[in-house]
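In what follows, structures are represented as C-alpha cells.
In the two assemblies presented below, chain A is common to both, partnered first by chain B and then by chain C.
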Partner chain A sequence: MSSLRQILFLLGKDLRIELRKKESLISMAFFGALILVILNIAAGIGKQVDADTGAGILWVAIIFSAVLGLGRVFAREKENGCVAALLISPISPGEIFIAKALVNFSLMLLSQLVLVPVFYVLFGSHFNADPLALVPILLLLNLGFSTTGTLVSAISAGTRRNEVLLPILLFPLILPLTALAVKATAGALATRPFSERLEQLEPMLAFCLIFSAAGYLLFPFAIRED
Partner chain B sequence: MTPLNRATFLPALATLLVPLAIGMIFFYAPLEKSMGIIQKIFYFHLSLAGAAFLSFFIACVSGIMYLLKRQRIWDARLAASIEIGVVLTTLVLISGSLWGRPIWNTWWTWDPRLTTSLILWFIFASGLILRSAIDEESKRATFCAVMAIIGFVDVPIVFLSARLWRSIHPTVIRSAGIGLESSMLVTLVVSMVAMLVFCAALFHLRCIQHQQESTVRDLQQQLQL
Partner chain C sequence: MMTKLAPSPFLSIRGLRKSYGSLEALRGINLDLAPGEFLCLFGPNGAGKSTLLKIIATLLRPSSGKIRILDDDLENNPQEYRARLGMVSHQSFVYQDLTLLENLEFYAALYGVKDPRQRSLELLEQVNLADHYEMLAGNLSRGMQQRLTIARALLNDPELLLLDEPYTGLDEHAARVLRGQLQWLHDQQRTIIMVTHNLRRGMEAATRMGILVRGKLVYLQQKENIDPASFEELYFQKLEAV
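Coming up: the complex of A and B.
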C-alpha cells in the first residue's frame, strides 16, 4: 500500500510541475499537429489517403511528438541533481520507474486528445470509423512506448547527447510495436471487425508486459549514479 | 602464456579454414540447378547470419554477467561482440541483397528474417553510438549492458510481429534450407565452422584490445595523480 502511495506521490509531483509549466504537453501537441499538417501537404493537397497510409501518418505524428515529452521527464530531474535526491529518498528505483512511466503515459494520452481530432479533421473526412475503436490501440501503444521509453530515456539522460540519443536508441526497440499499431489502426479505420484486430492487439499486449518487466528489472542499473 | 597462444592459434586456424571454405564453395559444391552460380553466396550468407546472431547472444549474456559481477572483462566481451555482430549483420544484409536481386527480383522485401536482421542491426548499431557518447567507464559499461539485454529481448518480438504484419512469406528462403545435397551440406558446415573460428579470433583480439585500452587508461590516471 505504501509503495502505491509513493508512486502516486511521484506521479502527482510530475503532473503538477507539468500543469504549472506546461512545457512538455504544449510542445508535444504542437509538434504532433505540425507533423500532421506537413504530412497532409506531403501526401498531396486535396488527395484522400487510404486507411493504411492514414494509420501510418497518425503514428508517425504520435511517436515523434511523444519523444519530445519523454526527453524532458528525465532531463528535468538531472538539471538540479534531483535524481540523487530521488535515489536517497525511501522510494525504490522500481517505484520511480513505474511513476515515470505513468507520467509519460499520461502525457502521451493528453497529447493524443489533441492529435487524434486534428488527424480526423485533416485526413478523416472519408473515414467513417468510430474514433473509439482506436482507444485500445492507443492505450496499448502508450503503455509499451512509455515503459520502454522511460528506461531508454534514463540511459540517454545520463549521456552528453540526450536529445540525439533518445530517438536513436528508442525507435529500433519499439519498431515492432509501432508496426503492429499501424496495422491495427488501419483495420480500425477501414472498419474491419474487431476480432481481426485481436491478432495485432495480443502481441502488442505481450510486448507491453515483456518491456514493463524488463524495464522494471533494468531501470535500477540505468538510473544509478556511480 | 596461454592467452597469447590462443591469440595466435585462432587466427592461424582461421587463415587455414577460410580459404578451404572458399575453395570448397567454388570447386567442391555442385552448381545449383535453378539459381546457378549466384547460389554460392548462400554458404557465406548463412554462416555470416549464424555468427551474427551468436554474437548478439554473447552480447546479451555478457551484459547480464557485467550487471551481476561488475568485472571489466565482461564489458570487453560485450563491446567486442556488439562490434563484431554489427559488422557481420551489415555483411548479411549486403550479401542477402545481392542474392535477392537476381532471385527475387528485388533488393529488399519485408520478410520476417530480413526485417529481424535489419532491426537487430539498428538496435546494436545504436548501442555502438551509445558507447561513443559516454566517457565514464563504469557508466558506459552499465548502459551498454542494459541496451544489449533489452535489444536481445526484442528479437523474438520483432520476428513474431514481422510475421504478423506481413502474411505472405517468400518460400524461396525455406526451400534453400531444406533438402540440401550432401556435398552442399558438407560445404555449408565447413564454411560455418570457418566463419565461427574467424569470428572467435576477431572476438578474442578485440577483447584483449579493450582490456589493454582500459589498463593504459588506468596507468595514465595513476601517473597524473
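Coming up: the complex of A and C.
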C-alpha cells in the first residue's frame, strides 16, 4: 500500500470529522474575526491604519486563531486512544505527521477564507485591492506553522496542560517566520514591487523546508510514549 | 535415530527489559508462544502486564531484548510486523464522531484491506452490530463499543491478537458476549495474549496461564496442568513470595 494513499485516508478521515462537527473551523474563524473587530475598535473605527500596522493586525488574528485548531487535531486522536491504534497500524509515524500537517494547513486556509475578507472590510479600503498578492505569504506561513505546530502539538498533547503548553512552545519557534510574514504582508498591502517581497519570501521558504524536515524526523519521538 | 524437531514458535520474546529511569517495569521476560495458543497473563496492578503488551504491540520500545513473529523482527521490519497484529484495549480506539461503518472502513483502508466496505460490513455482522452501522460510535454503550473494538482489531485478519483488560467496564451480559467472541477467535487458530487481573475471566478462556509480578514472569504453565480450584491460592502465593 502506497504511503500517499495512507496519508490521504488519514487526511480524509480528519476532514470528514471536521466538516461534520465544524468545531475547529467555527472557533478559528469566530475567534480570529473577534480579534479583528476588537483591534478595529482599538485603532478607531473608520480610521486608516498604515500597511505595517495592518499587516501586524492581520497576523495576530491568523496566528492566535490557528492555535485553536492545532490543539484540537491531536486532542481528537488522544480520545479513546486512537493515536495508539494508528501507531500499531502499518502507517509510519512520518506519514501520520504529513497527514496531520496537511489537516492543519487546510484548516488554516479555510479560516483565512473568512479572516482575510473580514480584514479587508474593516481595515482595507486604502490597501492594495488585489488580495491575491497575499497568497504566497499565506501559503508559506501556513506550511511553516502547520508543520512546526504539528510537531509541537504532538509533544504537548501528551501533557496535562496541553492548551497552555502548546502556545508557549510554539510561538517562540515560529516568531522568525511570523516576523517575515508581517513584513512581506506590509509590502503587499502597500503595493510595493514583488522583488522587494522576495527578500522575505525566500527566507520564509527556507524556514518552511527546515522545519518540515525537522518535524518529519522528530515526530516519531514526539508521538510515542517512551 | 531421527529426532523430532520442536515446531518453531510463532512469537518469540528473549531477554525483554523495560526501565523508566531507575524503575524496572520488565526484568528479563523470555517467552515462546506456539501458533493458536491463548496465553493469559495475570498480575496485580503495576506488575508490568500492560507494558509487556505495549512493547509487543510496538507502542513502547524495550530497553533491551528481542521480539519476533516468525520471520518478522520488530526492530528490523516494524511495518510488516505490525500488519500481523490486532489489539483490543480497555480504550476503544474508535472515533466518536464517525459512524461504525466509517470507523471500520477507515482502519481497513489503512491496513490495505482489499474491499474495506465489504470487510467492515462482514465484521459488523459478526459482532452483532450490523443494524447500527450508521450510528455514531460516540452514541454506543460500553458493551457495544467493545464489540466494535473487537471488529476493528480483526479487520486485518491478525495472526496475533493482544487483549489488554478487555473486560473492563463490561456488564455480565456484555462480558458473556465477549467471552463467546474470544472462544470463536481461538477456534479460528488465532494466537492470543490476554492480560488481566480478573482470574475467573482469564481462566475461562486461556490454554496457558502465566503470572507476572514486579516485571518478572514467575509462573507459566499449560492449563491442563493446572488445578483450577487451587489456582487462586497459587496466584496469591506467587504474589507474596515476590
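The definition used in the following text is that the second predicted complex is superposed on the first by the 223 of 226 C-alpha atoms of A that agree within 3 Å, B and C clash if a C-alpha of one lies under 4 Å from a C-alpha of the other, contacts with A are read in each partner's own complex, and residues count from 1 in each chain.
The rule we apply is simple: a contact is a pair of C-beta atoms (placed from the backbone, for glycine too) under 8 Å apart; a residue touches a chain by one contact, two chains touch by 3 or more.
Keep in mind it's a predicted model, so treat the numbers as computed, not measured.
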item: Superposition on chain A - do chain B and chain C clash or fit; value: fit
item: A:H126 touches, of chain B and chain C: first, second, both or neither?; value: neither
item: Contacts of A:F9 with chain B and chain C, given as first, second, both or neither; value: second
item: Partner chain in contact with A:S92 - chain B first, chain C second, else both or neither; value: second
item: Contacts of A:K21 with chain B and chain C, given as first, second, both or neither; value: second
item: Partner chain(s) touched by A:R161 [first = chain B, second = chain C, both, neither]; value: first
item: Contacts of A:E79 with chain B and chain C, given as first, second, both or neither; value: second
item: Dominant toucher of chain A (residue count), chain B or chain C; value: B
item: Superposed arrangement, angle subtended at the Cα centre of chain A by chain B and chain C, nearest 10 degrees; value: 90
item: Which superposed partner A:R224 touches (first chain B, second chain C, both, neither); value: both
item: After fitting on chain A: smallest Cα gap, chain B-chain C, Å; value: 5
item: Touching both chain B and chain C, residues of chain A; value: 224, 226
item: Residues of chain B that touch chain A when the two form their complex; value: 67, 119, 122-123, 126, 129-130, 133-136, 138-139, 142-143, 145-147, 149-151, 153-154, 157-158, 160-162, 164-165
item: Parts of chain A lying in touch with chain C, wherever the complex brings them together; value: 1, 5-6, 9-10, 13, 16-17, 20-21, 76, 79-82, 84-92, 224-226
item: Interfacial residue positions of chain C with respect to chain A in the complex; value: 54, 57-61, 79-80, 82-83, 85, 87, 89, 91-98, 102, 106-107, 109-112, 152
item: Touching residues on chain A, where the partner in the complex is chain B; value: 148, 151, 155-156, 158-161, 165, 168-169, 171-173, 175-177, 179-180, 182-183, 199-200, 203, 206-207, 210-211, 214-215, 218, 221-222, 224, 226
